[in-house]
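The same chain A turns up in both complexes below, where it pairs with chain B and then with chain C.
Here is the complex of A and B:
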C-alpha cells in the first residue's frame, strides 16, 4: 500500500483511525444481522415463484396448502387486489411491481404466492401443494425482441409514483421502452463534420448479480397498528415510504430498523421483499421472517445487461470532437431504479473527456428477465466498458499510444464535461499518469512472450456522478459528561460508515473515539437520509454530521465565553475543553458547560441537501455535486493454447479529496478490483429461454482469493486544499473491465467487445486471426 | 469420519411425531442434547437450535465457506453436513475461538489489527479456515494460504487484508510456541 500512511485526523485525540469500531464483535461472529433477529411466535415465509418468463395467471388454488398442518397463511395477488386498505404495487419510480402476481408473471421467479408457516420445512412443503394454471405468453428475452415490440411486457398505463427531482420520465406507450434519457451538447453534426476519422463500435455486457454474502432478508411484525420491520436494506426511508403507501398509513405508523448488512452493493436499495413480508405479518398477526435462498437472490435484482453503439469523431491531432451514443439498458421485468440509472449510464458515455459535441440517447428497456437496478458503478461500468475500450481501438487504428491519446482528451480544470458544467477539481491526468507509471507502461513494448504465454498491459480512466440532488440529515447530542451521540440513518454495510462518521464528528470537538457513539438507522429515532448508495455517505452524511457538530461547537464556545469571560474569537476547543487560546489553564470542560446551564444535553440538527439537475431535453445542467474520478492499469498474461487470461498486476487510482478512514479506503478499492475483475473475466447470468442457468455459486463464478492479482497497488489521491471528501466505494471498479480488455488486445490482437472475457472468446478470436502472427 | 456406521446409527433411532430424532453434538467443548429432523444440516441446527449465529448460510451448496465449522479440526461446510452425521466429532464454531475470559484468539486479533474484513459476514468462516491452515501448515507461505483459503468467498473483496491477517497470525502463533 503506497497511499497515504501519514494521514492523521485533525485534532489531538485520535492517533489512528481504526478500520471498524466494532471489529471486536465482528471477529467473534457476534455482530447481528437482520436474519439473526428471532421474535417470539415468529413464522417463516416462502414464496412460490413463476416458472414462466411471461404468462397470464389463469387460476390459483391454495386450498391444499392452507390445509397443511402448520401453515398459518397462504396469500395470492388476488387476496391483495381485493382489499381496499392495500395498494398492491410498489417500485421507486413506476409502481409497476405487484407484491404478488395479479395479472401476469413477467419473469421466471416472479412471486405468485406466499406462505407463512411455523417452520421452513412446512412452508416449503406448502408451496408444493399450490396449484397454478398459467396461459403462456410470448416472452421478451432480448433487447432486439423488446424493441420489435411484438410482445409487450407492461401493457397497461404506467403508474407513476412521487416525482423525483432528478428523474425525467419519457415512457412510450405500446412499446417496451421504460424510459428514455436524452443529452444534446453542442452540435453533433458539425462535430462529426470537423472530424478527420469517425469510428462506430458496439459494446455489450451481460446482467450480473451483486451476490451479497447475506441474501435479502427481513422480519416484519405489527405492534398496536404500527408496522415494524428489521430489514437488510440500504434505504430505510425509501422502504418506509413504500410501505406507508402500500398500507395507506402515515409514515409514523411504519418503523424500520436496520442492523449491519452482510454486503449490499446496490442490491438492497429500495423495497424488495419487505412488502410481502409485511402483508404476511398483518394477516397472521405474528412476526414473519423471509430470508431468500441464494437462487432467489439471483432473480431479485441484477446489474443491467447493456448494448451501447458508440460513434466517435477524432481529428488527426488526437482530439475527440464528437461522440454519439445509443444505449440500451435491459431493465428486466420491472423498472426498479432503471429509469434513473439510464441517465447516469447515458451521460456517463461522455466519459472523462472534453468533447464539444455529444449526443446521447439512453433507454431502459423492459424484458421478461429478472429486474435490474442499482449495482455498484451505477451505469458507469457499462458506459466505461464502451468508451475506454473504444479509446484503445481508435489508438490502434490510428497508430497512437493509448496513453497519449487519453492525455490529449482528459478533462482539465474548468473544461466542460458532457452535461455542460465545468469540471472542478480535475485529477484524471494525474491518476492516469500514476497508473501508467506504476504498471510500467511502455508505448513501444506492446507484449512479451514466453512459450504459449503472452503478457501485456492496459489502461483505463473514468468519471462517475454521485446522485444529485440528494439530502442527508443528522442529529447530535452532547451529553453532560461531554460525550457525543450521533443519530444517523447511515447504513453500515461493511464500508465503515459508522467509524468514518464518528471520526468526522469527533474531530470537530476534538474528542476521543470512545467518547462518541453512533446509532444504527431507526426511522422512529434517526433523522432522514436518502439512502446509503451512490458513494454518497462519507460526503453527504459526513457533511450533515460535521454541520451538526459544528453547531454544538458554536454553542459550547458561546457558553464558554460567558463562563470564562473571554471573547468567542479568543477561544478554542481542545480535548473536550473550551479554553482560551494561549492560556491553556483557563479552560472549562464541555460537560461542565452543559451542567451549568442545566440543558441536560446540547442538541443540534443539520440538513445537507445538494443542488443540481439536468434539462429534460438536452441533459445539460448539473449532473453531480462533484465528480468521482478513477483510473486503473492491468498487466495480464494470456495463455494462447487455452485462451485463459490471468491478471498478474493491477493498479487502482482513485481521487478521495480527503481520506477519512485509511483502512477502509484501501479495503473498498481492493474490493472494487475484486468486483471488477470478476466482471471482466467470469461473471455473467446465463439465460436459456428466460430460465436462468447458473443462479447459484457452484455455476456462477465470483472472484476468490486465488483469482486476485498477486501484485496490487493503490493510489488513493488526496488534495486537502479542496476541502472536499469524495466517496470511493465505486469509482475504481469501472476501469477494471476495459483495462483488462485493453491488455488482452495488446497481448493477442484479439478485441473482446462483449463481457466477460472468457477463454472461449479469446480462443475464437485467436483462431479467427489464424495465419497471422500473434503480437510478440 | 466414516459415513456408513453413523448413517446406520441414525436410521436405527425412533422418529417422533414431529419427525425428529435425538442426537448429541459436542460443540465448542460442550455436549448438547438435541432433537432434530434427520435432514437438518449442521448449520441449521447450530443456528436454530443452539443460537450460534457465527456460522452463516451464503450459498447453501458448499461453495462459499460462510458456514464453515471445524470438525475434528478440519473445515467443513455446515450447510452440507446433516447434523446427525456430526455426532461423535469435535465441533468448533467461531463462538468457541475466544479464551475463557473472552480474550480474542491470536488469529482473531490479527484480523482486527489488519481489518481483514468489510461486512464481516464471511469472517467467521475465514478465521476458522485460517485456524485449520495454521494447524496443518504452521509455516504456510502466502501462496499456500491463498490456495488453502480459496474455498472461502468474500464478496467485499477484502482478500489482501485477509492474507495480511493470516500471515501476521502465523507469526503470533509461532511467538506462542505454536
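Here is the complex of A and C:
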C-alpha cells in the first residue's frame, strides 16, 4: 500500500460546496476556451487529409497552393523529414505517427499536408490546389484482416519512446500486433478441470466517438526561441515532453498553458494537433491556430472497437473457478495509448469477481481505421460488456437468478483480484444490492407484457483501475492577508476540478472558498502533474494539494506556538486563525503570522506518487492504487413489433470513498448514464471500405435529453471511515451497456452480444427465435 | 484570396427567380440553411452563389382561405408547430412539424426548404402527400401549382425547374370527422430522422364503414409513397384487423425500401407493415364519431 497522509474528514466545508465556482460565468458563455485566444498576426491552419485508408505517398506538389495569395506556408512530411533539427514522429509509447505523412497514409483522414493562411477560407482553398499522387495498398479494415497479416499497417521497426513504468512492450514484427498484454493467475487448466460447466462466448463492440462539445484546438507561436502553446489538452506535461523531443529543445523552451476545456473524455490526452501547429508557427514565424471541424474530430481519436472471446468455468454451487479471455482491441492506424489501454481492458476482463484461475491475452491491433485511444471507461467498458453479459447468459443456461450468481462471486474484503492483490475497501455487494433494490429486482418475475410492449430489468457491476503508478505535485502559497493560492496543473474540463481542489485546500486551513484561488495549468509556473485522466484528479492531485496545505498548517502552528506561547499540540486552526484550544480569545490570524516573520508568503510543495505495477509475464502485482467500483440497474421496455428498446428507469451506484463535491459527483454520474445509454443503443462509427459513413452529428447519434430515462436514481456511496477519495468520473459508465442488454434479454429472450442494441438486431433475434425467415 | 461565395438577398420573388435564371445551377436557394449547411460542410455541393430569400416579404404567412390551409415558403417549422391557425385547421400538420429534429432546427428550417430539398428522410412530405397538398411555385414564366404527388421525383430531385422558387403550400382541410396522425419511427436518438414515417387519415360514415382512408409512407423509399388502390381496400368496409392487415401488407409489398444506417431494406419493409397498421388504427381511434 502507499504511504500517504490520512486526513480526518471535517465535513465542515463539504456541505456548502457550490458544485462549480464559476457556474454563473459558464452558463452565460463568459469562460474563455483555447479557441477564444486571438493573437496579433495570427494565421489559420487547415490540414489536407488522405482520401485512402492505406496508400504510399508517391509525390506531392504544393506549388499551386503556395502561389495562392494569402497562403503563408504549405508543409509536407518531406519538409519535416529533411530537417535535422526536427524529429518528425510522435506518439506516447511508440513514435509511430508522423507529424505529416512521410511514407504512407494509414487511414482516411491521415494528415498529409498543412497550410497556414491569413484566413480559413484561403487555407481551405489552398488544400484543393495540392496535387498528391498515391499508390494504393491493400487496406486492413477488420480485426480478422489484421490478424491474417497479408497487409501490414506498420512495416518498419517500432520506434520506442520513453518508457512508461506501467507498460510492457510485447510487439511482434511483421504482424499487425501493436502490443500484447498477458495475465496468468493460478492454474487455468486446473481451474477448468474443476468446473462443472464451461461457457465460451464472443462479444464485440464498435469504435465510438467522444464528442466533446469543444473540438480539439490550439494556438502556437514562438517567442525568442521558446515555443508557446495554448491548447485544449488534458495533459500539458505530456504535450510539453513530446514537443521538446520533436524540436530537440530543453523542456524549459516549451511552454503550454491550458484554459478550461469543453469536455475531454480521454480524447484530449497526449499530443494531437500541437506538433503540426507548432511547426507551422515556426516556419511562418507567426502565431497559428488550428481548430478541428466536427468532421475532423471524428477521425482524430476514437474508442477502441473490440472483440473478446471469454471462456468461464463455474461449479454447480455457483462459483466461478476459471476465466480465460482473448481480447482484440482495434487500435486503428496509430498506437496512441492503446498499449496501456489493452492492459487495463485485458485485466479488466477478470471482473469484480474472486476467481482463483485467470488467464488473459489482450492485444492492441493495428488497422487502417482512425486511431483509437483513451476513452471514458478506458477498456473497461469493452471488458464489462463481455463479462457482465456472460454472467446473465450463464445464469440463464443454469437456471440461476443473475443477482444470486453475482453475489456468490463478487469480491469480499481481502480476497484476491485478478492481479493477485487483495481487494481493499470492497463495496461491490453493497452497490449491487442497492441497485437491485432501487430497480425493484424480482428473481421470479422476469418480464411483464402489455400489448406489444414488454418490460424487464437488468443488472451489472464492474471494477476499474486508476492509472498506477502515477504522480501529482502541487505548490501552495499563503499570503500576507491569510489567503491561499494553489498552483496546480489539474485541467478543468467541466468536471469541477478547480472547485473541488479549492475545497480540499480550504478545508485543511478552515478557510472560506473566497479566500482560496487556484491557477490554470502553465508548464512554466505550475508544478508537474501526470494528466487529468483516469478519474485520478480529485484523489491524486487532491492528495498533493492537501499534503502541501498541511505543510502550511504545520508552519502556522509552529509560528503560532511562538507567538502565543502555547505548545503546538494545544493549538488548532479555525476560521483563518491559530488559536489555543479551549481559549478562543488567545488567537492570531494567519496573515499576522506571515507578516511577523517577514516571509512575504509561506510556501509549500508536495509530491504524491502512487506505487504499483504488474509483472510483464504474469500480470500479477498492484494494478491500481485503489479500485473503482460501480453497479447499474436498468428497466427497459421493448416493442416486440419493432425491436425498439426504451430505457424507462436507470439506477447508478458508485463508490466514492469520501465525497469532496456532492453536486459534481452526481452530475458526473448522470453524465456517465448519458454516455452509457448512447453506447448501449445508438452509437457506432460505421465504415465502408475504410471511409467513415457517419462522421458528423447529423448521421452519428448521441443521446438527447429526451432519450434519457424518465426516472434516474443515484447512489454515490460514501464511507467516511475510509478517508480515501475514489475517482467517480468513469466508473458508472461501463455497467450501462450490459445492464440494458441483460434487461432486453429478460424482456425478449434475445441476447445481443454486439453493440449497439439496435431495434433491427432485436427484431431479427425475435424472428429467429420464432423460427421465421429473416433476410440478410 | 480564394474566390468568395457570392450572396444575393433579393427582396421579391421576381428578383430571386431572375438571379436563379441568370446563374443557372451555380446558384442555390437558401432560407433556414439547416440542410444547405450540412451539404456544404460535407462538400456534397459547392455552389458559386447563394440566393437568400429571407428578405422577401409575404412568404411567411399562415392563413386559412377557401377551405385550404396556406403556409408560406418562409414559415419555420416551429411557427407551424405553434400556430393556433394550424392547430385549429389541421392539428396533425402542427404536431408533425413539431416532431422534426429539435427546437433549434425547427426554429430555422422552413416549409419551402423541406419541400424543395426532397430529402427522403424528412417528415412533412409524407403528411403533405396524404393530405393532397399542392405546392405553389413561381418562375420567370409565372406561377404554377404542382400537386405534392407529382412534386417529389427522386432523392434530392423535384419537379421544380432550377429557376423556380417554392412560394408556399396549400393543404385542403379534411372534412369534419376525419382522424389524422403522423407516426415518426426512429431507430436511434429521438432527434434522429425517421427510419419510416407514416401519415394516416381515416373518416367513417355514419354506419361505421370507411368513407375515406389515406396512407402515405415517408423515409422508406426515395420519395414518399401512397397507393390509392391499397387505400381503396377499406372503402365501404368496417375497419377490422383483417382489412387493416391487407392494406399494411400491400404497402409492405410495394414500397421499394432503401437501406441506410437507420435500418436495412428488410427491416424497413417490416416497419412499413407495422407502422401502416398502427397509423390506420390510431387515425381511426382519433376520428370523431360521425
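Criterion: the second predicted complex is superposed on the first by the 756 of 776 C-alpha atoms of A that agree within 3 Å, B and C clash if a C-alpha of one lies under 4 Å from a C-alpha of the other, contacts with A are read in each partner's own complex, and residues count from 1 in each chain.
Just so it is clear, a residue touches a chain if its C-beta (ideal position, glycine included) is under 8 Å from a C-beta of that chain, and two chains touch if they have at least 3 such contacts.
All values reported here derive from a predicted model rather than from experimental measurement.
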item: Residue contacts with chain A in the superposition, chain B compared against chain C; value: B
item: First (chain B), second (chain C), both or neither touched by A:758; value: second
item: First, second, both or neither for A:19, with chain B first and chain C second; value: first
item: First, second, both or neither for A:39, with chain B first and chain C second; value: neither
item: Chain B versus chain C as contact partner of A:293, first or second or both or neither; value: both
item: Chain B versus chain C as contact partner of A:673, first or second or both or neither; value: first
item: Which superposed partner A:603 touches (first chain B, second chain C, both, neither); value: neither
item: Which of chain B and chain C A:493 touches, first, second, both or neither; value: first
item: First, second, both or neither for A:698, with chain B first and chain C second; value: both
item: First, second, both or neither for A:102, with chain B first and chain C second; value: neither
item: Shared chain A contacts, counted only where both chain B and chain C touch the same residue; value: 121, 293, 696, 698, 702-704, 706
item: Residue ranges of chain A in contact with chain B within the complex; value: 18-20, 23-24, 26-33, 36, 121, 210-214, 260-263, 265, 293-294, 493-496, 663-664, 666-668, 670-675, 696-698, 702-706, 708, 712
item: Chain A partner contacts - residues on chain B that touch it in the complex; value: 37, 53-56, 58-61, 63-64, 66, 93-95, 97-98, 104, 108-109, 111-112, 115, 117-124, 127, 146-147, 149-163
item: Contact footprint of chain A on chain C as seen in their complex; value: 1-4, 38, 41-42, 102, 185, 187-192, 195, 261, 263-264, 266-267, 270-271, 274
item: Partner chain C, residues of chain A touching it in the complex; value: 68-70, 118-119, 121-122, 124-126, 293, 295, 641-642, 644, 678, 681-682, 686, 693-694, 696, 698-699, 701-704, 706-707, 758-760, 763-764, 774-776
